[in-house]
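Each of the next two complexes has chain A plus one other chain: chain B in the first, chain C in the second.
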Partner chain A sequence: MEIAALGIDVGSTTVKMVAVNRAGALVWDYLEPVAPRVSRQVDDFLAKLGAKIGSLAEIPLVATGYGRNLVQQARQSKTEISCHAHGVFQELGHGGTLIDIGGQDSKVIVIGARGRILDFAMNDKCAAGTGRFLENSAARMQIPVAEMGAVALTATEEFTITSTCTVFAESEIISLLAQGVAVEPILMGLHRALVKRVAAMVRSVGLVPPLLLSGGVVKNPAIRKVIADETGEEVFVPTHPQLMGALGAALFALKLAD
Partner chain B sequence: MTIINSLKYYWNVKLTGQPFLAWQRRQAESHPKISARWRSDILSPPLKIAARTRELISRHYLEGRYAAGHRPVAWVTSGAPVEILQALGFYILYPENHGALCGVRGAVVELSGAAENAGYSTDICSYARTDIGSVLSGKTPVGRLPPPDLLLACTNICQTVLHWYRVLARHFQVPLILIDTPFVYSKLAEHSLEYVKIQLENSIPAAERAAGRKLDYRRLKEIVQLSKDATELWQEIINRGHQRPAPLSVFDQFIHMAPIVEMRGQKATVDFYAALLKELDENIANGIGAVRNERKRLLWDNLPIWYRLRYFAEYLGEHGICVVASTYTNAWGELAPFMNTQKPLAAIARTYISPILNQGTGYKLATMQRMVTEFQLDGIILHSDRSCKPYSIGQIEQRNRLIQEFDIPALLLEADHDDPRAYAEAQVASRLAAFVEMLDD
Partner chain C sequence: MPINIPQRKAVIQDIKSRGGMVAAVLPIHYPRALLRAFNIFPVEVWGPPRVDVSLGGSQLQSYVCAIVQNALSFIKMGALEIADLILIPHTCDSLQGLTSLLIDMVKPPSPVFPLYLPRGRREEDVIFLAEELQSLYAGLAELTGRRPTDAELLAAIAREELCDQLSGRLYEQRQTLGLGNLDFYRLLRSREYLPAEEFAALAESALAVEAAPLPGTPLLLSGILPEPMMVLDLIEEMKGLVVADDFAGCGRRLYRPGLSPEPFRRLAESLVAAPPDPTRGNAIGDRVQFLVEMAAKTYARGVIFYEVKFCEPELFDLPELRAALKERGLVSLHIEVDINNPLPQQTATRIGAFLEMLNH
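Here is the complex of A and B:
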């Protein structure tokens, strides 16, 4: 395996690391829940990779994500916005609009024909419009997060959840459940409430097709369907939806290697 | 007005306080010291005028401390036609400026909390909450505020002031003069001007009663002239930002704008801005910019984030970015041409109906478009201010149009000008960092 550069994305829930070869193709990746001591975790990552391919000393590493400044081993840090745009452009070979819904925040990035960021938007100062909104609600309804999308899609009707505030939505759920409403229509309403927030962000920056989705929620089929409903655009998912940030970071690192 | 109070005023203000502040300023001028926290690696040394700015502001609040019972006191909104009150000899306090000072000094959460405990909603403008909280608790970082004998509110900035000043009128049991300035959607109508002028005329007897003296029109003309002179100088100072590197950043402007807001119509203010302009011209001649390595130039829209001025100046400065223009500081310069001593009341009416916040959103957009070209800007930061709805409305559309027209990045940042509880630094930092990367792309 030829490794020319490394990228690491320290998010709020997971750490992702990728390696690329000289051509910028992804050759290795690794993902695990974020540990309290990020720097030590990165050391472990590097040791694992080193054990496989030998010394990593000369290979540049760029960090991104919320915890990017905690990665002491990195030569440089870059924001998730730049890295996601870079990663997606590499995968697609053309521009588009990327929606990334993470645990802590969500963002919409418009990427131009030559890979330049044309505009971006991020969610407000709270958890509304992020993955945390669904996680909290799933916990309240005692449904595993991984299944909530599939369960929602079995609904034959939909209940409107008016609050996008995570805390208020929880009380809304409690009262709906108390009224004897079934779980599925509530779940569908929750997905819609979340996506409406994100769709407003898409409108604020102006959608340039194709529409891409990345981040942890891509595995949720209901999110994809509702985004398509709300934006009127087909939703594409990159081959490595969770690794776009780390890939972009590795591509920045590749520039340092030159 | 009592003799005891006047004696106290003369002793504390004229005989001891002012000479002490002047001595302090002279010390600072002759032995300039740069604070250890100043980031000399990225910012040029602070302007010499800063010592005078400090002196003027301290003097203003010192006078306020001892004004009650010696001079008539008026509390006014930032866009109030103060020239009439100045001609009547009032000491004039601007609760909004006081609110900004509380923001810089980190006193807002406590003061606003006092208002919130009394039932005022957190959705009300943080200036109003800070002021009402300060009135209710009696606390202020400047020692003591003189209670008003008269209130003057002008609706040319927002409707909040209307309700806020009614609260003050009830609390202090003093008369409130309200000048209602009809909104200028696109074109200023003559009948609107006439309507404002009539209100000004009608307000004079009430102001004269509170002042205990008659308005001297000669004095009024002098004051209008001084206001005009200071405002013109301020506009020139702002326009020095056309230079590369810009000799003054808007973060400096936010500090040095205090006199144009709260000391318009005074000779000392005119002298102050003449001196500031002179210093800037020297710096321009010597190639000294506010940011040492100015690479990119930005526009700031809306009020400052008072409690994080340093953070923004330093973060952007580190990346060679200077914010050189702002619609906010410009608002105090652009009215100069309307001021006119021939028909002072008509001129005052025209001046105070024309502020940016009393005009349609298209006017602000046009101002920003002009600034992008004139100041050769590379990007825009629009502060979406939780408190100031009239300033923030339309920003999403304005932002999109500016991006399209000029193909430069524009960032909408959510915060509050005074209340740090409506500000999330981690979120702001991640947006700012991405924006900076876009500027370099």
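Here is the complex of A and C:
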């Protein structure tokens, strides 16, 4: 395995690391829940990779994500906005409007035809419009997060959740369940509440088609469907939506290797 | 070059020890010279930040901005008792509400003077403001027992006009003063409490330096005030350089001198002709033009709107303003801050991403 550069994305819930070859293709990746001591966790990642391919001393590493400044091993850090845009552009080969829904924040990035960021918006103040919104709701409804989307899509009707605030939505769920409303329509309503929040961000930057999705949350099929409904656009998802930040970081690292 | 700026507290004590009076002045526009002609020294109260807001919070809605919440708390703590008067320009509904609260309910020991500002730049606005200034003069005369002559008023006006001119030159020479973002704004903002003579001396010594141009991606900032000020260091760490601003407390107070030889009218002309400001009802188109021209003149590549949370006049216009700037090719970033808290990591990410975007 030829490795020319490494990228690491320290998110609020998971750490993702990828390696790319000289052509910028993803050749290795690793993902696990974020540990409190990020630097030690990165050492473990590097040891795992080193055991496979030998010394990594000369291979440049760029860090991104919420905890990027904690990665002492990185030669450089870049914001997740730039890295996600870079990763998705490389993976899909065109610009558009990228929605990235992460565990703790969500972002909308307009990427130009040559991969340049033209504008962006970020929701980083509260859990509304982020993965945390679904996680909280899943916990309240005792449904595994990974199954939420599939269960929601079995709904034959949808119940409107009026609140996009995670705390208020939880109260709404409790009261709906107490009224005997079935789980599936509530779940569908929750997905729509999240997406409405993200759609407002899309409107704030101005949608430039096509619509691209990244982040762990887009593995959820109901999210993809509701985003398409709300924006009226077909959505494009890269093969590894969760790794786009780390891939972008690795691509920036590749420039350092040159 | 670090600049040695006297501390606000020491300045107030010095004024008092020399028999001067102190006016606590709330944001934004007011006639400095008129106060000085009465030997009253304005000390501005922009909040202040990091005050325990629980005292003020009990009488204000939670969606009132922190400048007003803090000011009320500060007054209720007794911290403004050193002031001989409180002047509150009618900048926005929140400040007007504060004036009523103080006059009708809180009744602080120092008298409260409201100042009504016109919402336009027409001849009638100049006339209205000149009359307002005359009634402020009458109120101050009653308070102090003094009646400054026209010559005294004009002398005070000349001192402040010199400071306005020096502030303008600081902006013009911004990139060769050798001052980082934070030092530049500490210097500019010292005029919030320094007497004109002291500010002029500081500004002149700063202007005497001719340093190599500072590196960094040129940026404009806009909003009410650069508070928390740590944003300035943060921008510098991320290799950005604030080259000019449209802050209500800084760039929007670069007043040009009035034309009239009559003091009240001259003051009014100067205030009315100040750069466009949403708190004075100026049209969005004027602000767009002003910002686009400022960016062209300073080679700024983008604007960061660094806004005080819940500031209604600023936030109301912002979506339309940003969209219009975008159409004119000037990209912007919007950050809302709580002046009482340190900046969150997310703010650093947004600013970092914005600079990366500008440099791509």
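The working rule: the second predicted complex is superposed on the first by the 257 of 258 C-alpha atoms of A that agree within 3 Å, B and C clash if a C-alpha of one lies under 4 Å from a C-alpha of the other, contacts with A are read in each partner's own complex, and residues count from 1 in each chain.
As a working rule, a contact is a pair of C-beta atoms (placed from the backbone, for glycine too) under 8 Å apart; a residue touches a chain by one contact, two chains touch by 3 or more.
If you're wondering where the values come from, they're calculated on a predicted model, not measured in any experiment.
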| item | value |
| --- | --- |
| Clash or fit (per the criteria above) of chain B with chain C on chain A | clash |
| Partner chain in contact with A:79 - chain B first, chain C second, else both or neither | both |
| Touching partner for A:30 - first (chain B), second (chain C), both, neither | neither |
| Partner chain(s) touched by A:66 [first = chain B, second = chain C, both, neither] | both |
| Touched partner set for A:116, first chain B, second chain C, both or neither | both |
| Set of chain A residues, in rising order, touched by both chain B and chain C | 66, 78-82, 105, 116-120, 122, 124-125, 204 |
| Chain B-facing residues of chain A, complex | 66, 78-82, 105, 116-122, 124-125, 204, 206 |
| Footprint of chain A on chain B - complex, ascending | 396, 400, 403, 409, 412, 414, 422, 424, 426-427, 430-431, 433-434, 437-438, 441 |
| Residue numbers on chain C that touch chain A, as the complex places them | 319, 326, 331, 344-346, 349-350, 352-353, 356-357, 360 |
| Interfacial residue positions of chain A with respect to chain C in the complex | 66, 78-82, 105, 116-120, 122, 124-125, 204 |
